[in-house]
Every structure is written in structure tokens, then in C-alpha cells.
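Letters A, B, C and D name the chains as they come in the text, with residue numbers starting at 1 for each one.
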Amino acid sequence: MPNALIELKGIAKSFAGVHALKDVSLRIDQGEIHCLAGENGCGKSTLIKVMSGVHAPDHGEIYLEGQLRTQLNPFEAIQAGIQVIYQDFSVFPNLSVAENIALSGELARRRKWIDWRRMRRTAKEALAKVGIELDLDAKVEELSVADKQLIAISRALMQRAKLIVMDEPTTALTQKEVRALFDVIEGLKRDGISILFVSHKLEEVFALSERITVMRNGRRVVTEEARNLNREMLVYHMTGRQIEETHYEAANKTGKPLLRTDRLGLAGCFEEISLELYPGEIVGLTGLLGSGRTELAESLFGLLPATAGRIEIGGESVRIRSVRDAVRHRIAYVPEDRLTEGLFLQQSIERNLIVSVVDRQKGRLGMVDRRTLKATVRSWIEKLGIKAPSPLAPVKTLSGGNQQRVVLARWLAANPKLLILNGPSVGVDIGSKEDIHQAIRQLAAQGIGVLMISDDLPELRQNCNRVLVMKRGRLIGEVEGQTFTPELWAQMHEENAGSETEGKRGDSA
Amino acid sequence: MSIPTAKRPEPDSSYGRFSFSLRRWMAQDGNLMRLFVIMIVVWAAMAMLSPRTFLTIDSFSSMAFQFPEIGILALAMMLAMISGGIDLSIVGTANLTSILAAMMMVRLMPADAGAGESAMYMALGVLCALVSGVLCGLLNGWAVAKIGIPPILVTLGSMQLFIGLAIVLTEGKAIVGLPEAFSSIGNGTLVGLPVPLLVFAACIVSVYALVNRRPFGIKLQMLGSNPTAARYGGIDNTAVLLKTYALSGLLAAVAGLVIIAHTNSAKADYGTSYILQSILIAVMGGVNPNGGFGKIAGIVMAVLTLQFLSSGLNALHVGNFFKDFVWGIVLILVMVANEIGPKWRWRRRQPESSV
Amino acid sequence: GGGDGGKASPSGSADGGASGDSGSAGGKKYKIATVVKLTGVAWFDRMNDGVKAFGQETGHETFMQGPQKADAALQVQIIEDLIAQKVDAITVVPFSAEALEPVLKKAREKGIVVITHEADGMVNTDFNIEAFDNLEYGAFLMDNLAQAMGETGEYMTTVGSLTTTSHMQWEEGAYKRQQEKYPNMKAVARKLETNDDQKTASEKLRETLKAYPNLKGFQGASGNDAAGAALAVEESGLNGKLHVVGTSVPSVSAKFLESGAMSMIGFWDPAEAAKAMDKLAVMVLEGKKDEIKEGMDLGVPGYESLKVRDGKYLYGSAWVGVTKDNVKDYDF
Amino acid sequence: MTRWARSSEFYVGLILLLLFAIIGSRNGAFFSAANLFDLIRSAIVPGIFAMCATMVIISGGIDVSFPAIATFSMFSATKLLLAWHFDGPVFVAFALAGAIGLCLGLINGLLIAYFRLPALIVTLGTSSMFSGFLLTFVGSRQVSNLPASLDRFGKLQVVKFAGEGGITVGLPMTVLFTAAIVLAVAGILKYTMIGRGIYALGGDPVSAERIGFSAKFLQCFVYGFVGLLAGIAGMIQTTMMRSSNPVDLLGTELLIIAAVVLGGVRITGGHGSVLGALLGLLLIVTIQNSLILVGIPSYWQRLVIGALILVGTGIAAYQIKRSSAKRKSILA
């Protein structure tokens, strides 16, 4: 049996009464790639934080290379060679790219003085390792989510680590970047470094791992060699139920289009976007990083009012200059970055749910009618199966997937006609994802139009009638949802690499 | 809509039912509870130290004439702080608006005005103060929301601006000789209660309704905790901020009116020590300086605590500097209690729950 | 610490007569509160000495209170509390006389005797006693400034704040005197605000000096103005060229008077003022109100022959001018 | 646009130059050495305070107690030295004041770090506590007779020459202290792990702990260091004013914080630079010290200061908002 690098025995941890972990034991061997799988809120991130000294366990023991560590803190954990890429990245928005990457290494070497040239050099190497190029002096807050994630990855890779823990490192990455990351991981393994990998994307789990640990409700369910498991078994372990891959049956395009844009443009972000969306349709929108699809969505939602072209809603030309306009036309938008754009972390679940519809809860004297408000909240919590101790608990105490459901519920409560989803299942587990997809399909079946922005090809394939592809601010193609394969996607991009002008109008009109 | 979910949420059984349980309220609002305890302790301590002066009707009535001014200003400060900002200009606004009102009542009113006419000028003065208070607030709100200047800078500048304007208008002198009827508001009683206290109560009720019961209040608190998410959530941040600062200005103007009624004069520099005090009361009352949270009950208790302390120590004839010293200690004790209180209780309860 | 209470000042030694009749008689002992503008400044610390001395000499319960910040609102609150404490008399040095009218009215309605100081024209008071007439005091300072400047040249004036009535009156008295008697002098900057802060006063002088390089005189109202100005004068090497006069206390100004950076300071002894107020309060409480009339001797230095206007506004002649020749005579 | 042209330092610098040009065109004396020296002199103590505010705000906290700490340290140190009849090197006085300040700062730091209390509340509370304690138990009477060595030090000038009109133009020795402190703070923030930790803590405290910074240590360091600086600043104030006043400096905190925020130190933490803070401070100091030069009557001065703060910050904020709204173009 190979040496255990880290061993957790009987770990228990609870937060103000919520048992996040109950009697969890886990062993990670030298040089192995170990996957941690489980539904949202089953305790994966918490387990990781225990390992890295961020949380002290209530019970249980931690052994590092056979040695019992009673009071592990983050600094010691790093010294002991444990590097974590946190789910929320833990990057510093106010610092430069170079510093974000190199600072923790300097700190771990107990350096007291800063040598800026050395830092830049280190950062450059790290970026080269992951195969990306970024302006070293750019402040991280100016970067996209994906770039932030890549920075968090580069940072962890630069350390003399024995174990690298990756808590959903691929949520914001494109296929290409994911492949680059996997190459890096293979390389690390060859160097004898262990990897603990958390992902909700089962393809990734199977592509990478040697052993898989499945957790459910704060307990470890099973630890098994990857080759002894298949998709169905894994899903069953995770959810305790069977889930089949289903496809959304498209409704027939009937009547007037719900949304029609005519050569919509926003200076510097996108141009000549003409698309149509019919009631009951789920239309996918995808593209490479920085393709402008987020900006397009935000334009439709009035956050970045378009500077050219026309928008029609229900056949009527409308102007959307502000979120108010958009909401008035019953457009809803579930943003890309849940933590900063979607949620009020300190506020209660209840308030997060009703914030966008609070004006409609007016009762006597224009006061909020608490009875209907609570009824609304309760019904949405039940409909989306949000797992929460109480609707009055701060939303920050929820796990990622449950947080996403809160944001979704907020906009569903607004009873939209057009629902724009930007990464609706980023960081959401397979069971929840299925639930969210079901909810979206039901909405579409009721006649709502859905525009779904996603990188997750299976998700697009399963749910979308059509998928629009964007590149560099322009639509470059449209594909039937069910036929949208990775190969086709890659092909579309390559075709357009040289001959951009041709694809300008896209096939969407 | 029903979705097949494997795990049904375990709903909090109490949520949505309207039964009041003290234990639950205490658990939820531990901070308020502790503030309440501290208020009572301070009151009892003061009563014990000087029972003959502190525990008299006169003493309570004297207090009731004192704290409404600062109480109303603290409410104004609270609103700005919930939005994640701060309003240093409230005292400037109070003085400027009350000077405008006093000018209306003193300079414009003809000397031989009859009762009716005098009432009209008084009403005009009050209206003028309230409107200008809203305008002062809108200026702040506009600079914060539209121009994007940090609130602390805006209101520091506008504080100077408002006081400066007040000085230019009055050349620094006090405006005196307000109509008799008006100053009887500030020093008189209605059904046995001091009028300023009633005004304060009215402000409390309206601010409570606004912040806790109106959609505006919920939007304000959400905006305070995450402005970006508020924008994405369909809140019109500009409108909410404008309203917030306008309200803060309005409350400041009300405080200004109470002040001139109480002192029968208006002056550019009255109450300058109230600025830091109102911040102190707001944070002691549980307003999060980073925005998003604030409870009116907390403000009321903090105001009362400080008033008990102040009057109690005055009765002991200790120096006013000693009062500062004790205030500081009480404030920090409140905060430390809030911080370690819940942990301590939780640790005590833990064995029960893990069975 | 600062509480070195009953220390007798040279002038204070003469006030045995002040207490003579009321103290020894063993009559009723009264509780008399003194409320000042601000505590923690040299001026009112000195007043506290007088308050304590009066209490010791007469056996009445006397004490002083005052806000920790210069703010009328705090003074109102203190008086509200004193009313509730049922003191027999309140003697007040108002920060803003107007703001205190209602609360003092309330006090008088409850039978409390109110004596004020530095609040000429106050309505709701039994007596207001001034150490002197404010306009005359300002003129007195101006006479000294003119003398130092040789009655010609540019000068500037400062006030603690534009909202302090007595400062404004001193300044106006001085300006009027200059206009009438010293036509060759010119006020180039008037009523600059120093916020009662030495550093600000010093900066105002420096700045004015740049705008008006021929500046020859400075008259400051607040107790910190003259000292701040003198500091700037000394650092600019203008001793004897730029003349500083103002209100101050000897202990703060002594070194500047001696170095020549300051020509003269004027003041009245706040301790004596406190005794005068307390004495008046006791007289009113004992029903001797009728005895207070023109020419009366309060038995307190500087208040030996009171002037009376309208029956209740009393004026002493208590100002003192101090130059480097007599600064050694004072120890506060 | 390049990165620095989008920075707030750039805009505040521009506005400062604009202000210089306007004032200079109204009164040429503005550009005289005497005036520039005086501006620097006025910024000596506020300059150190600005460093305090900068460091704390970058760390994601706030401190409103530094004036109280400064006053406490300088006054109690002066009292101690006087009690010891001290006449040794001034270094001892500064060390003593600094040490007292450090202790008080550490009280803030411990409360904030170990009880996880909001910094604003803690420092509001301790500020009230410190000055209340000082004035109640240490003394409230201004000390004008400093130990001789301190008094001598106060008169030392680092440069000195005779300007026009026989005015001595000079800069006090203490300017070197401020310069050294500014450099030290800039150095700490830029070139030490602690400094970068302060930025990291201000940017994202949770992440800072995760990569191994100790938030407790950093917070204690920041507040302790600020206390140290404040203590030194207090002693500087004492030597410059050549007297120690226990109510000096109080109430300057908000203006200082506003000045550094104006200079681009973001109130939410993590952003800002020493250069920006100094520019912001200089802007405020210039506005405050130029109104007489420009010839604005004293009644209008406050109004003008308020308006200038609003306009100055408005332009800076508007420009930053506009330039940051411009995104990199995605379109090829």
C-alpha cells in the first residue's frame, strides 16, 4: 500500500447547528488523483477547508504523512505542502495578476521583503505552465471570472506542493482551458504530487480520477476505484436515486417571436446581433471566453444599454435603457457571477428571494404584506427544493448549488416572459442540475422563452432547441440543439478563425 | 409546478406562522436583547448611585426634552449608514433648514400679525424647512449616486457648504424671537408628554414603517449589503439612494425644527457635537457600518442608554470628560458582549444538541 | 493633575470681604451650579478655581459643569439636568445666549435663581453681570494695538468663530475705535475664524502676511488666537515689527510677552467673575435683590462699583491689561 | 489610456495643479517660497495623520481615534517629563509619546482582531475613552512651560532664509520626521510582506487568511503602528506649538479621512497609495490656507471650502467612473 499523504479520521464539523460533516474519513495517497463527488451542500468544500486548516473540526483527527496534527492553521497546512484552489478562487481583486500568483509562495517561504522582479518572473512562469497570457500588472478585479479561476490555479501550481486540492476548478473554464488544465494535472501526477479534485461534471471526474469518494449529506458514502464505477452508479451514490439523461422536446414555433433583435450592437462589445426567440423555446448561447455573450445578455437586461440596432418584444419595438425597463417587459436575468452579482450574501434567504418582486407584495398602505410574502418564499423554497435551515438564515450559509437555486427562484417569482440564464448550473451538482433543468423546461412549456448561456455542452444539448454561437462580438452560427457536439463546436470556431467577415451575420436571421 | 426531488427540504416549522415566542425572538435578536439588558443595567446603576435626583419625574421629563434631537438625527444617520454610506451633513442640514424656517417666521412675519396669520407663517416656515431639508438630502444623494463620490466626502463637503451658507445668511448671529406659539412646541407638553418626545415617536413610527414594512426599506437594505447585486436584481440604485439621502435630510430638518423650537433661536453652529454622537448611537444600536442592516429598536435603546448615562453622571457632578470616558467603555462593552455573547450561549447549549 | 483647586491668586488674596457677611452667618446653605461654555481650557479651569474658592469660603455647595465640546446643545442638556436636580441657583456663561433662553426660562419658572455672565441683553435671567462692556473692551485692546503700531499701518483681526457673540462684539468695538481714533490704520482682514485653535490662528496670520506683506498688527479674540499669532511672529522673525494683542491668560502668553512676540494681552479674571456670579446668586436667594443697584460693591476685585442698566444688567470694570512688565504678577 | 492615467492619483494631481493655477493667477504670492513652505508646515502633523488613515483604510479598517491617541500621548508624555524635571535629549520625549501611542493603538488592534469588532465602533469608543481619561485623570490644563529641550527643539529650523519684507522663511525640523514617516510607510506598504499583507487583508480578508496571512497579527500591527505614528505626531504638534494642549487635534479625524479618500484610498479597503493620500491632503490643506490670498471674505470661507471639496471630489470621481466604464474592446 502506498504512503498516505493525508489521512482524515472521523471528522465532524457543524455550523450553528447545521451538521456539514459527520464522521468522515478519507485517505489520499502519494501521487494519486482522487475525486470528491457529491451533491451541493454535501460537505465537500467544508471537508477541504478542514484539510487546509481554515476550519477546525469539532471531532476527528488529521494526519499529515503519518503525523497527528491537532491545531492545523492555513499557514501550517501550506507549509506542509497542501495547496487549495478554492471554489470561490480566493484571489485578491485589488492586487495585480503577478502578485496574486506569486505572493502566497513568497509568504510560504517566510520572506519578509518583496522583490518585485522575482514576483513577476514567478508569475510569468506560472501562467506559462497553464498556457495562458495575461497582463501581469492588470488588477484582478478587471478580469473575467475565467481569468480569475486561471489565476487561482496558477497560484496553486507554483508552490512546492505535495497535495493540490481543486474545488471545482473548471466551473468558469472553456473546453480548451479545461484540456490544458488536465494536461497540467497529468504532469503533476508524474511528479508524484497528489490531487484532490472536486467537480460536478461527471465526464471530468471519470476522465481524471483514479479513486472516487462520494459524499452525501455530510457523510462519506463510498470510496472506490474509478474503474469500478460507472456513471449510473456514481449518480446513484450521490443522489440516492436514478437519473437519466433526457432531452427537452421543443415546442413548435408559434405566433410572433417573443424576442427579436435586429442588428443589435454595443460599442466595443458586440455588433450586428440579429436573433429571434419564440415562446416556449430554450435557445442556447455559447462562445469562447470574451465573445461578448455576457454583454449581449446584459444589454437585453438593460444593464449595458445597446448603442445600435433594435429590440422587439412580442412584435413591438421597445427601448431597454435600464433594468427597470427590462423588468417592465418581464425579462429576467440570472447573472454569471453568483457571489458578487447574484446574491446578497449577508441577507436572509427570504430577502434574496423576494428582492425583485418586493414591489408586488404591497398590501395595505403600500406596506409589504408579510403573510403573502412568506407564503411566496415558502412555496419557492419547496418548488426548487432549496435546502436551508430556515428562510431567515443568511444566504451565505448555503452551499453553492442551493445559492444558485435562490437566484433562480428570485427570477421565477418575478413571473418572466423571457428568462436569460447565464451559466445556470455552474457549480451545481448533477441532482440539482437535473432539478434546475426540469424547472427550466417546465417554464418553457408554459410559454416562457429561455435564453441559456452556457459552456456546458451536454447541458446545451439536452435542453436547447437551438444553440447560437458567438465569437468576438458576432454571431457565427446556429445549430440544432441535439446535434451540438464538441466536434461541431470546435469546427465552427476553426472555420471562422480566418474568415471572420463571412460569418458576420450568422445564420440566425 | 412540482419537481421530483430526492431530498425534500426540512422546512423551518416556525417560519410563516405568526406566533410570538420570546425565546425565538431572543435567539434571533440577541444583539437587541443584550442592548436591552445593558440599557437596564445602566439605568439601574444610575438610579442606585443617585436615587434622589435620578429617580424623579422631573429627571425623566428633563431627559425627555433632551434626547429627541439626537434621536431623530441618529435615525437620519442610520438611514444613510444602512445604504452603506454615511451622512455627516445632518447637523449642517438641520441648522441651515431651521435658519430658513426661523427667517420665515421672524423676518417675513409682519410685527402685527394676528393669530391666524402667525400660524400661517409658522406653517410656511415648517414647510420651507422640510422642503429645503429634502433638497439638501437630494444634493447629497445626487452626488453619491450619479457622480459617484464616496458618501463620506460628499457629506463632509456638503456639511461645510450648508453651515457656510447658514453663516452667510446670518453672519454667524443667532436668529431669535420665534413666535411664542412655536417655541411652546419645543418646550411644552401634550397630554402630559413633552412635544419633542412625541415628534421623536412619530419619526420612529414612520421610519420603522418605511424601513421594515415598505418595499423601499427592503430595497435599501439590499442595496446596502451589495450594490452590484442590487443592480442585477432590478433595484433602481439611483432612486433608492436619492430617496435615502432625501429622507435623511428630511429627518435632519425635523430635528432642526425641534431644536429651534426648543431653544427658541436658530444658529449656524448648534449641535456640532451631534455628528459623531449620532454615528456612535447608530453603531451601538446595531447598524452595520458597512451597510445593509439596522434596527430602529436598537437606535432607540442606544439613545436611551446614552441619555441615562449622561443625566446620571450629571447628577453625580462628575466632569463631562468622565462622561466621555464611560461612554467609550459602555460602547465597547456592548460590542464585546455582542461578539462573545452568542458564542458563549452556543457553547453552553451544544451538549444538548449533539445528543 | 489639573485639579489644584483653591490655590490663591495674588488678586484673590484680597477677597476676604467677598465672603464675609454671607458665609459665617450660618444661614441656609445653597446649592449653586456654574455652567460654563467649555471645560478643559485654561480659562474655565481658572473659573473653576473661583467657584471652589467661593464654596470653601462661604460653605455653600458650589460646583462647575460644562460641555466637553464647544456646542450650545450640550449646554442646554446640562441645564435641563440641573433643573431636574433642583439646584437653588444656576450661574451660566452661555455659549450661545439665545439658545439658552427657553431652558433658563424653565429654570426660573421652577424657582431657580439664574445669573448669567457674558450674555448682555439676556432676558431670562435675574441678573447678567459683565466684567465690562464688550465694545469698550474691544476698544481698549485696540488702543493698545494702536499704541504698539504707532497708530499707523495695516492690521488684521480674528475671532474664535463667527458665531461667538462676545468675540464679534470685541472685534466690532475695536474696529469702531480704530475708525474713529486711528485713521492711519487699516483693517486688511477682519474676523477670520480660528476655531479657537492656536495652529489655525498661526496659519491665518502667516497667510494674511503673504497677502499683505506690510501687516503690522494682529488682534485676536479667542483665548488661543494671540498665542498662535505670536508663535508665527516669532518664527518669522518679526518680533517688534508685527504687534500682537488679544485676549489670553498670562500663563500661556508669558513667554511671548517676554520675547516681544506679543505686545499685550487683555483679560479679566474668570475666578473673580465666578465669585461675583455666585455672590449675586446668594444675594438673590437671601432676598436681598433690592440691594443690587448702581454703584454697589460686590466685594470682588473689579466689581467694586457696579454700573447697572435696565435694572438687571450689571457691569464691572474688571479687565486687566498685561504686558511683559506685569505678567509676573499672575500665576494662571 | 494607460493605467496610471486612469488612476485617481492622476486626477487629484490634475485638480491640484488646476487649483494652484487659479490661486496663483489671483495672487502671485501663492508661488512664493514663503507660501509653499507654509503649506508644507501646515501639512506636517496632518501628513502623519494621513499616513495613519491610509494604512488603516487600506487594511480594510478605519480609525477615528488617532487624534485622541496623539493628544493623549503628547499631553501625558509632557506631564511625565515635567514631573521628572526632564531636560535630556528630545529623542526621549518622542520615544515616550510614541510608546504611549503604541500601547493605545494596540488596545484598538487587540479589540478589533481578537473580538472581531467593527473598527469604526471600536475606535469611536476608544477615542471617547482616551480623551475622557486624559482630561479627567491626567489633566485638562494647557501646559505652556515645556521642558527646555523640547522648547529649544521647537525653534529649530531645517532651512531658513530671509524672505522679502524681512520675514524669516523657514521650515521646522519636524518636517524631517514627517518626510521620514511618509517614506517609511510607503516602503512598508510596497516592499514588505506585512505591507502586501495589509493590501491583501483589505482586498479579501478571508482569502488573506487562506494563503497564510495572520489577520490578527496584521491588524494588531496596523493599529499599533498607527498609534505609534499618532504619538509621534502629537509630540510634533507640542514642539511646534511650544505648548501642550489636551483638547488640541481632536475633531480633525474626519477631514483627514476625507482627504485620503479624495486621494484615491478606497474606503472599502485594499486600494490606495501614499502618493494619492498626500495629494488629497495637499488639496485640502491648500484650499484651507489660500482663501485669504484669493481674497474671499471670512463669512464665505466655509461655503467655499465645502463647494471646493464637492467640486474637487466630483471631478475626480466622475473621471474615474467614466474611464473605468470604458472596457477593453472585444471586437476585432
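Note that a residue touches a chain if its C-beta (ideal position, glycine included) is under 8 Å from a C-beta of that chain, and two chains touch if they have at least 3 such contacts.
If you're wondering where the values come from, they're calculated on a predicted model, not measured in any experiment.
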Centroid comparison with subunit C (C-alpha atoms), farthest chain: A
Rounded Å distance between subunit A and subunit D, as computed from the means of their C-alpha atoms: 44
Mean-CA-position distance for subunit D and subunit C (Å): 34
Mean-CA-position distance for subunit C and subunit A (Å): 72
CA centroid of subunit B to CA centroid of subunit D, Å: 30
Residues of subunit C whose C-beta touches two or more other chains: 39-40, 68-69, 162
Of all residues in subunit A, the ones touching two or more other chains: none
Residues of subunit B touching at least two other chains: 167, 171-172, 319, 321, 323-324
Chains touching one another, given as label pairs in label order: A-B, A-D, B-C, B-D, C-D
Subunit D residues touching subunit A - in the complex, by the definition given at the top: 3, 190-197, 199-200, 202-204, 206-214, 269-271, 326-332
Parts of subunit C lying in touch with subunit B, wherever the complex brings them together: 39-40, 63, 65-74, 76-78, 80-86, 96-103, 105-106, 161-165, 168
Residues on subunit C engaged by subunit D in the complex (per definition of touch): 1-2, 39-42, 45, 68-69, 162, 189-193, 197-199, 202-204, 206-211, 213-214, 227-228, 231, 235-238, 241, 251-252, 254-255
Contact footprint of subunit D on subunit A as seen in their complex: 52, 54, 74-75, 78, 84, 86, 90-95, 99, 103-104, 106-108, 111-114, 137, 268-271, 290-292, 295, 472-473, 500
Subunit B to subunit D touching residues, read off their complex: 88, 143, 147-150, 152-154, 156-165, 167-168, 171-172, 276, 279-280, 283-284, 288-290, 318-319, 321-329, 331-332, 335-336, 339-340
